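Look for chain A in each of the two complexes below; its partner is chain B in the first and chain C in the second.
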Partner chain A sequence: PPQVVPGADPAARQLCFAWGPAEGLVCETRFGRAGGSRSRPSPVPSRRDPSVDADTAGGAPGSSRVFVVRRDQDIYIQTLRKLFNESHGIFMGLQRSEDELAGKSRKAQLVQVSKNYRSVIRACMEDMHQAAVSARDPALQGQYSTQVSILSAMELIWNLCEILFVEAAAAGPLLLRLLDWVRLHVCDVDSMVREVLSSENPSKHELFWNVVDVFVLQGRMDEARHLLSKEATANPTSMNMYKILDDLMKKMPMPSLGNTQTLTELELKWQHWHEECQRFLQDGTFASNPHMESICKILLGDEDAILEKKELMTTWYHFLVTRLLYSHPTVRPMELRFYAQSSMDLFLGGESSPEPLDMILMAAFEFEMHQVIKECSIVLSNWWFVAHLTDLLDHCKLLQSHNLYFGSNMREFLLLEYASGLFSHHSLWQLGVDYFDHCPEFGRVYLELHMERVPLSTEQKALKVLRICEQRQMHEQVRSVCKIMAMKALRNNRLGSALSWSIRAKDAAFATLISDRFLKDYCERGCFSDLDLIDNLGPSMLLSDRLTFLGKYREFHRLYGEKRFAEAARLLLTLMTAHIAPCSFWMTLLTDALPLLEQKEIIFSAEQTYELMRCLEDLTAGNTDKQKFQEDDVETTKVEMLRLALARNLARVIVKEGTVEGS
Partner chain B sequence: AMEDVSAKFVSQKISRTRWRPPPAATLQPPDIFATGSWDNEDNRISLWSAGDLGNVGLNGEYHGEPHLLCDIQHNGDVMDMQFLDQERIVVASSTGTVTIFRHHQNNQTLSANHRWEKAHHHVDQDTCCGGAACTGVVCNNPEIVTVGEDGRVNLFRADQKDAVRTIDNADSSTLHAVTFLRTTEILTVNSIGQLKIWDFRQQRNEPSQIFSLAGDRVPLHCVDRHPNQQHIVATGGQDGMLSIWDIRQGTMPVSLLNAHEAEMWEVHFHPSNPDHLFTCSEDGSLWHWDASTNVSEKPSFLHQGGKSTTYLSHSTMNQSVVSAWLSNDPTKDRMEITNLIPNQTLSVNSLDVLGPCLVYGTDAEAIYVNRQLFA
Partner chain C sequence: QVSVINTVDTSHEDMIHDAQMDYYGTRLATCSSDRSVKIFDVRNGGQILIADLRGHEGPVWQVAWAHPMYGNILASCSYDRKVIIWKEDNGTWEKTYEYTGHDSSVNSVCWAPHDYGLLLACGSSDGAISLLSYTGDGQWEVKKISNAHTIGCNAVSWAPAVVPGSLIEQPSGQKPNYVKRFASGGCDNLVKIWKEEDSQWKEEQKLEAHSDWVRDVAWAPSIGLPTSTIASCSQDGRVFIWTCDDASGNSWSPKLLHKFNDVVWHVSWSITANILAVSGGDNKVTLWKESVDGLWACISDVNKGQGGVSAAPEGQQNEQ
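And now, the complex of A and B:
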């Protein structure tokens, strides 16, 4: 529906729109400025969006406001969340049921699904009604009442679509279904009926004949006869007249749901009964009682007599069904459109023009399914209705031929719109996932784009988001979620957490970055943080070279701590010779070798010592240029000390090895 | 059977459901439970009545849905929740705050009774987002232990303003859940597949024992201890696997049982009938593990005594239970496993069992009560 932007003045300044956060359309307005309207833009739930109060850079006097237009307002109605959640379950059931059954049982299944959707709408309507009753604030009460009437209209349309499209009732049963439909939805007279029936003496009630008429107009013959019998006992003089009318009503042939009679049989019986009614009317049997005479006229399908009861029918579609009941009980689906059009014209009588709801129902009677969906999309303030109805009709294989010019079909288009609306909601986004899953053409792309935008407030939520992405092999999104979480953890100095996030995403580059942080911390503090993690890396150590080094280097420290010097020395050397350690770290490693070289017992063999020496020379050779410029005393001293220690170790080991071999 | 389950859509995603503990001397089945919500702009703690027992029909079937007694706004997602006693509930928030709420039964209201602001926090706790989610809470009145994303362990007493003990940086990864092992010892699970025992009698800020999963260090999300056999511990992991540990021996789980297809959010031994175990998961299923099927004589668990239900003493069953949970190869034919929710698609975040009653809550914004678990 069109939306008025408060404070917008296109004459003075062009209206510009831009896509804002969470599927919103944002536009700058003069709303809230001096002279602008002070009231809040009521149809737009903009309370939580910070951009509402954001100043624009214009610097004009008074503050400019940004007006946020949300695409699917109803998503934000608390009571409707029940509708969204419960119908999600039904939707998923329908997708699962895909073509398991054929023929009649499939149809029964689809009708059941349709009924389930309707019962959810009804339950929601009841909740909303309760809320309206208990609301103290009149504005709120008004809102709830509006919602009740919208839900009620949705159910009315859905029910008609169920009869005409899903069940596709044939001539005969069609009329019975339409009668049920009218009885269920024309509730304006219910209170009157209750009042009369509960009164002490119904036949003396001033509205007595109105109630009898209501029953007759709705084809509730048994109830009408029951009521009439009360009047009959109170009026013994006109007993005969009652008996005749009662007999006519009792004998009225009705279509049956089973296959017990053919349409021709019914038409024959009906013709016969019709003639009988005609006879009694013409010989003036009811002339003394205008009420009964008018009932007899109604039974005969007299349009004027029926139209006289306009107030009791309240709507043109009630009139249509009553008219069909008494003049065309075997109406065929395709003939409906003619009766519907003329009923509406007769009922409205040029006094009032049809409203959107009338147009939608008319389109349904004309079997213009696409028109129904189109009108509903325009009129209703939510995508829920059209998305679910269209999906159901699609499962009934009624929309196959219709492709839209922009790629996907109508079912998918509407589901995408609905699911996008869900994703704009802070909490309902999870429901949207399954809808996207069942959009074969664009669902995946939509889901990817939306998942990236779900705010990750806690690890728990991130895990849920991650699970959704992983199940669908959305590798890009998995990486992105893990990276965001790893970055957050890093910023909070939670290196352990950061590392487990990058391990989950198999993000080698990030694991390297975190490993470097660990090593830097070690160099600064001389001890490792988060030992519980580093000691337990397991196979994930192989994710990045730096992580492998971190794990191995920590292992060296453990071996050293456990005084397993030979193993420690071997590992230390391998870290350099196998180029596991980054060059920048070699000096630290060589320094770590110092205490091993100084041990009483000889640990490095001659060969290992030569290798250590080569490592040292490689390192210093590479650094000579630099060293000239920055005469680093500490570094030079270190190198000197190492050279000395290595030379001494070599001397000791040559003596020892020589002695061992010589003996 | 499904007919015994009553459901209610509550228009908020439910992160926790907990039965209120019954008064000490009663055998009445539980009637009141609490729920907490998450991912809402306005999260709430709510107390529900499971329904009027007077509504139980002739055949003992139960009708009527849960109805709201009272609720109160809660700042942040409800991450975990435990009853401290009959009137007080301890709630862990994603903001890092731990709150005790009191239920005033005379006028059916809830109020915040005590609050430890940012009990869990990151290094810069003064910044606006300095709080770190408190992921788990466990109570043993008056003691309260909390763990969080900050790897911190806090020990509070309900009547003291400051923490009795805080172990900063207890874990370098996220602690996901905590439970009491004995009065002075707790068990924690973390996001690198470790189960740790902490002893508050020791002054060292290190765990007294570390157990861990072999291979890929799959994160553990929940932990529960066998109510009678304290050395038997069950944990649930990110891959949906159920692990049974015997903390007397080894450093690895005794058995790994393939269970759910996604994160296992909660695991609970039945408190009075511990050969029954319940788990729920992100994959939308809730499993009932029955290890009693192998017992020669299936214990009669419930006496149907008129309207109220009483339960048998469970002392006779312990022997068989031990062998069932700790056998090296508890294959599926020895364990009867039932999925209590077929066709559910969204996550079951929480469950609680007490007596014959089960309550669980989902991301599909519904709470379910089953009052005839063993019928």
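And now, the complex of A and C:
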């Protein structure tokens, strides 16, 4: 059924949907609204709104709201966090587990994995139950309780799948497993049992026989016999009957887990025993005690007698297992389906119809694995269950590898869905990475698409994202992240950070931009920021010409600071003659040369001085065409000073070089 | 199951025409007939108004967020024939460029894949599509495709960036040879595919199937398969899924997703392209998914209750 967006008013608004990376947006709008050529009256006017005609200018404003909607809410339930985290660990263990183990040991390994998953579900159920108990808000309490039932159902289904598919219990052990399953999951009678057992005089309790029946129905013979003995001591008249019944119950042949008997042997014994029960019943041994008689009938697998105890069984699958116990304990897996269907029919008896859970269990009894998965996908609100169960079944090599239309298979399809859902969460997304890693067809591309959308809210998070991308050689994404971080740093005026990010991104254009900023800052403030970074650029200096210049220019300053004037001078000159420096910077460089020219000691040689002069003339020649009238006095003064200094240096150096140095 | 996790009261004084989340889902941009574009911070279920941008002189039809590597940039287009590009600098949003080269309402804007630089396609009711490309230093270069659609162009959508040949890492500074393509939908009932060749935009394909104005086109993100997929929706109530199996982009075949009872206005793909959202005049938004056997199914049917979001009050019949 369509889901209602609260408060949306259908008479005045239509809904428009847009995807966000995780959430979606629904906004109230009216398509085809007034505004001219973009709109056009709908050819089929809506019955609900007679005024849909487009040219009604200025419609009712009302509140203009945008709804942010989310598809998978479960990810955000705190108490389920443990489920996602721990099952991730189990999943990874399974993926890495050795496939070399064959036969029994592999099966044992897989069964253990299955049990691990189930214990995580149960742990979560416990937490959820605690949360429900301690919640004050009734709505919240209701939510938690619902979650508990859902988790309980999941465990029920998983457990059955484990018995039938993973362990693939054979006839004999199959029944024992099913009995365990029923005992574990049909808990509605537990409080009644406790009440009777803890009473002073259990046999006098009005529910005494109910509890005995429960034990019998669940095949808990020892417990049933124990209770019955109390009744016998209290009622010596029925001692005879009791002894016989007790004996029958004691002797009942049961399948065993070990290899102590073959199925044939069991069937034979069971046949004998069955006949013995029959004789006692027909002899009227229990005629005077309807309770005991009913128990005997149950032992004989009498459907009507068993069905009479409907309320004590509460579910059709309990009924199924009880039936099997007392009429066909050596049932084979493939025979289950017939008993299952008839059990459900008999139990529901046309009064109620099967619920989704019933259909899922039925599909399991019918060994229709795909059906189980499909039904679970429909009913459950997130992909956790089907993704993990299917993955396990796939490892058991049980899923036919029929490829789905778009090339992937069922296991991968579900894992992709599940992992995608994780990515909408601010911390669980990291688990999603591992799941994508184990999807051979589309995992990588899905991971790429999702990683790009992880908000890089902190430097730490960006580094985390980077590490994940680098480990997987996702070069595009690495570059993208670095570029985004560089841009962010630049916007916040953190030039050093911006520069190192753009170097990491190998983004020459950006590096140039940032270098320009550094240089501009230098011109304005006379000093560099982030010296450490610039000094240690190393080979990455070559990323862009501007960056190279920045590095070299800084080196010039360092040399000057260390009073290595000759080297500094050489470097300065090279920066201009090798065109490493942009023309816009030449004036600054020449100005930087001034102190070198004014030194007492001669630093620039004649040739170098000529070079400098040439640079100056090139520079001023270029300038005469533009803005001559705007050239301020400072500039002209500078040029004059330079010319003077260069000329003086030239004079000095000619003399020096012309003089023969004394030895 | 779809749940509402946040209700943003935009306080727009008139009808909202578009709402878009930014790349990370942290910000929301809305535009309205009240001529304004608003930006909200919606992290952690909040709604903080960051900017109220004025500059358009008519209803604003669409907004589009650029890739975050270019900074915080938003484009908007309006009935006033203008395309405005807004940029955040030092915490404030300002107009950074205004394009007025269209003769009529500009109906749709869409940013190209970030690999192509900052490149915006704009579709207008004057039938032309203009491509605005940032060349640096605050400068934008414009290329125009005149008469792209007779009567008018209603929607533009870019194809994902795919490098022909092997995807090896390019040495820094070298731009790989991308083949740029985008799709457009118009009042001539056509969906057209445009390809850039020798710096010129040429019409590569004409996709005919609709019997009325095409209202929206959406090119699906790529998941690495050689197929390309485009969704188109129209005044005729139909939504088509177009697929092309070969890399050269020559044979497109349409599949009818559904025929709705009313105009379908908007189609949009989820980021892994597995779900298509369809917004229609019948007050419903439906989500569609390709099922295991290649057919498209409405999720609200297959997954009882999951996904169908409707404005109809609960008693009302589901028309599907």
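Here are some notes:
Assume the second predicted complex is superposed on the first by the 548 of 663 C-alpha atoms of A that agree within 3 Å, B and C clash if a C-alpha of one lies under 4 Å from a C-alpha of the other, contacts with A are read in each partner's own complex, and residues count from 1 in each chain.
Everything below uses one rule, namely that a contact is a pair of C-beta atoms (placed from the backbone, for glycine too) under 8 Å apart; a residue touches a chain by one contact, two chains touch by 3 or more.
Bear in mind that the values here come from a model prediction, so they are computed numbers and not experimental data.
Number of chain A residues touched is higher for C, counting chain B against chain C.
Legend: residue contacts after superposition of the two complexes on their common chain; A:Arg554 is shown touching neither chain B nor chain C.
When the two complexes are overlaid on their common chain A, residue A:Arg546 makes contact with neither chain B nor chain C. By the document's definition of touching, neither partner reaches A:Lys297: not chain B, not chain C. Of the two partner chains, chain C is the only one touched by A:Phe413; chain B is not.
By the touch criterion defined above, A:Lys309 lies against neither chain B nor chain C after alignment on the C-alpha atoms of chain A. Looking at the shared chain after the overlay, A:Arg472 reaches neither chain B nor chain C. After overlaying the two complexes on the shared chain, residue contacts for A:Gly89 are found with chain B alone; chain C is out of touch. In the three-chain superposition model, chain A touches both chain B and chain C at residues 48, 457. Looking at the complex, you find that chain B touches chain A at residues 9, 11-13, 38-41, 77, 79, 94, 122-123, 132-133, 135, 149-151, 169, 171-174, 191-194, 210, 212, 214-217, 219, 238, 262-263, 282, 343-347, 363-366.
Of all the residues in chain A, the ones that touch chain C in their complex are 1-10, 13-38, 40, 42-44, 46, 48, 58-59, 61, 63-71, 73, 377-378, 381, 404-407, 410, 413, 416, 420, 442, 444-446, 449-450, 452-457, 475, 480, 483-484, 487, 491, 506-508, 543. Per the touch definition, chain C reaches chain A in the complex via residues 1-21, 23-26, 28, 30, 32-33, 42, 58-59, 61, 67-72, 79, 88-90, 104-105, 107, 114, 125, 152, 154, 169, 172-173, 212-213, 221-225, 235, 261-263, 265-266, 268-272, 277-285, 290-294, 300, 302-314, 316, 318.
Within the complex formed with chain B, the chain A residues making contact are 48, 78-79, 81-82, 85-86, 88-89, 92-93, 96, 426-427, 430-431, 434, 457-461, 463-464, 467, 471, 492-497, 500, 529-533, 536-540.
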